[in-house]
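Each chain gets a letter, A, B and C, in the order it is written, and its residues are counted from 1.
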């Protein structure tokens, strides 16, 4: 059995009085594609935001490649990780956001080049070549000099993916990346993710409401409900033959809503 | 010259007398500016292009030139004007000068309030066949006024701090008292410090209050836009 | 009417001082505003508190009072001699407007959407890189219209320096008026027009920036 690349060990998260995650245990293996599904407010997004270091867990441990993400050792004692510690680990993680979060004051080429040049000190000319290649791959090779405001939602999201890929992460997080898109633009974004999934090497965690898509590309589906993992397993099992009543409920409501 | 606490404490009651004149003058200027501000808004909504353009630039002129020079104009130059010239006492000159200057800012506040009301509100009230008067009193103004309240409060504080300009044309308020005292005893820093403290004492709590108002109205505004 | 050239040649002697105080104050106030604005969003509570104190003191009192205070207290109380009263004026004006303008720096930084910070964390940018490459460029664009407005405020504030004896436009205007009482209206109208002419490029800048600020910023 391959060592997991990401491990959640009894991770809990509270916002004020409300506990949104009530003890999460989850392993992600290298190159594994995991879909997180569940009703809104079930804590799906919080799970991946903690891995991206955007949210600090209230309790529990998250490990990346065996390294404790949120705690570090300081003279025998474990203390909350500082910025340097987080920076040394989160380079392996990438994220695509629901609202794209492109940098509006830069062209899409500059958006893609920024982090490799600044963070990894890579050669600017080489980064540029890679960025152009990457933007071509997501179908935007002819738009590299445009600003985000000049693009459609679907195009923005494809840029956001190219930008995240430029850092060559081992794990890529997708946070409801099609939820903010007009229905007719969803397809082009899913297509890019599907291609990425086929390429294989990168592990992917997708928070999604696209059940057909999850069925298609995921190796494993995790159903979250009220802050706990209710059910998990291969997509065909989870999505087509749900065990628990709650999952049946959720899927039923979901299909009806469509 | 050294700092003297004796002087500091002895000028406090002296300057305190001037505080009320400063506050009173602020209120008078504010009322003038608030009322006259409507005039600019009214003009800017007239259907005659050349008139709105001309008055737009007059307002810009008043807004972009120093109130101190405007004050001198009204106090020193106005009486010298042929036919319309009359001598004004310093108080009236200060109210006219500072009031006029800030009326151009007040009009901007009113305008931003009116513009903050969504276009759909006008269309909806037309669709409901409301009269012009009803549109304004029932639909537009009730929505336009709340977001401007913090800004209106802000200008009250700003004008409070501009009122000492009036001491230059002889209005005997805090700053004037301090400078007179200084000239008499050659002790300037202590009375000026007292003046500064009085300003701080009044304007800081007011600013906090306005901050609160701002949060309150922003929040209710957010709710409106969300709904 | 034929006295207009005389008035102009008298008043224009003060133009140099007015412009000098204007430009020096703009530069100093901008630097103070940037430093103070950044300090107020810094994670160090001591720095935040100290800057907050400075801002409230200078916003809470009146510029004209500060100007008199500095002109007496600096040489008298602290025995600080800046060489020229121009610097006293610049110090008072830029500390005052630096305090006001630091609030727009802070406000615009906080107005850049949280998503921008999150995206730059996800790309593993350092704290400094986030501020320097992502947040500040957007914040600066947002604050430009208000910045332009404050430049006009600073111009208007320069007229106060005649009160501490600097020989600016208003100073020469007052001198001329005192010997030619009948021409007072002409003197002050001319002064106002001169200030307005100086203000025109600042007004144009502000209006231009309003259109710039509308694009290129994440909402």
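Everything that follows uses one rule, which is that a residue touches a chain if its C-beta (ideal position, glycine included) is under 8 Å from a C-beta of that chain, and two chains touch if they have at least 3 such contacts.
As the structure is a prediction and not an experimental result, all values here were calculated from the model.
**Student:** Look at all chain centres (mean of CA atoms) and spot the one farthest from the centre of chain C.
**Tutor:** A
**Student:** State which chain is most central when centres are taken as means of Cα atoms.
**Tutor:** C
**Student:** Between chain A and chain C, what is the gap in Å from one C-alpha centre to the other?
**Tutor:** That pair's centroid distance is 46 Å.
**Student:** Roughly how far is chain B from chain C, going centre to centre by Cα mean, in whole Å?
**Tutor:** One centre to the other, that is 19 Å.
**Student:** Go ahead and note the Å separation of the Cα centroids belonging to chain A and chain B.
**Tutor:** 53
**Student:** Mind listing the chain C positions that touch chain B in their complex?
**Tutor:** That would be residues 56-57, 59-66, 68-69, 72-73, 76-77, 152, 155-160, 163, 170, 173-174, 177, 181-185, 187-189, 191-192, 195-196, 199, 202-203 of chain C.
**Student:** Inside the complex, what are the residues of chain A that reach chain C?
**Tutor:** 52-54, 83, 87, 90-91, 93-95, 97, 99, 101-105, 114-115, 118-119, 147, 149, 160, 163-164, 167
**Student:** Which of the residues in chain C come into contact with chain A in the complex?
**Tutor:** 113, 115-116, 118-127, 129, 133-134, 137-138, 141, 215-218
**Student:** Residue numbers of chain B touching chain C in their complex, please.
**Tutor:** Touch residues, chain B against chain C: 1-3, 60-61, 63-70, 72-73, 76-78, 80-81, 161-162, 164-165, 168, 175, 178-179, 182, 188-189, 192-193, 195-196, 199-200, 203-204, 207.
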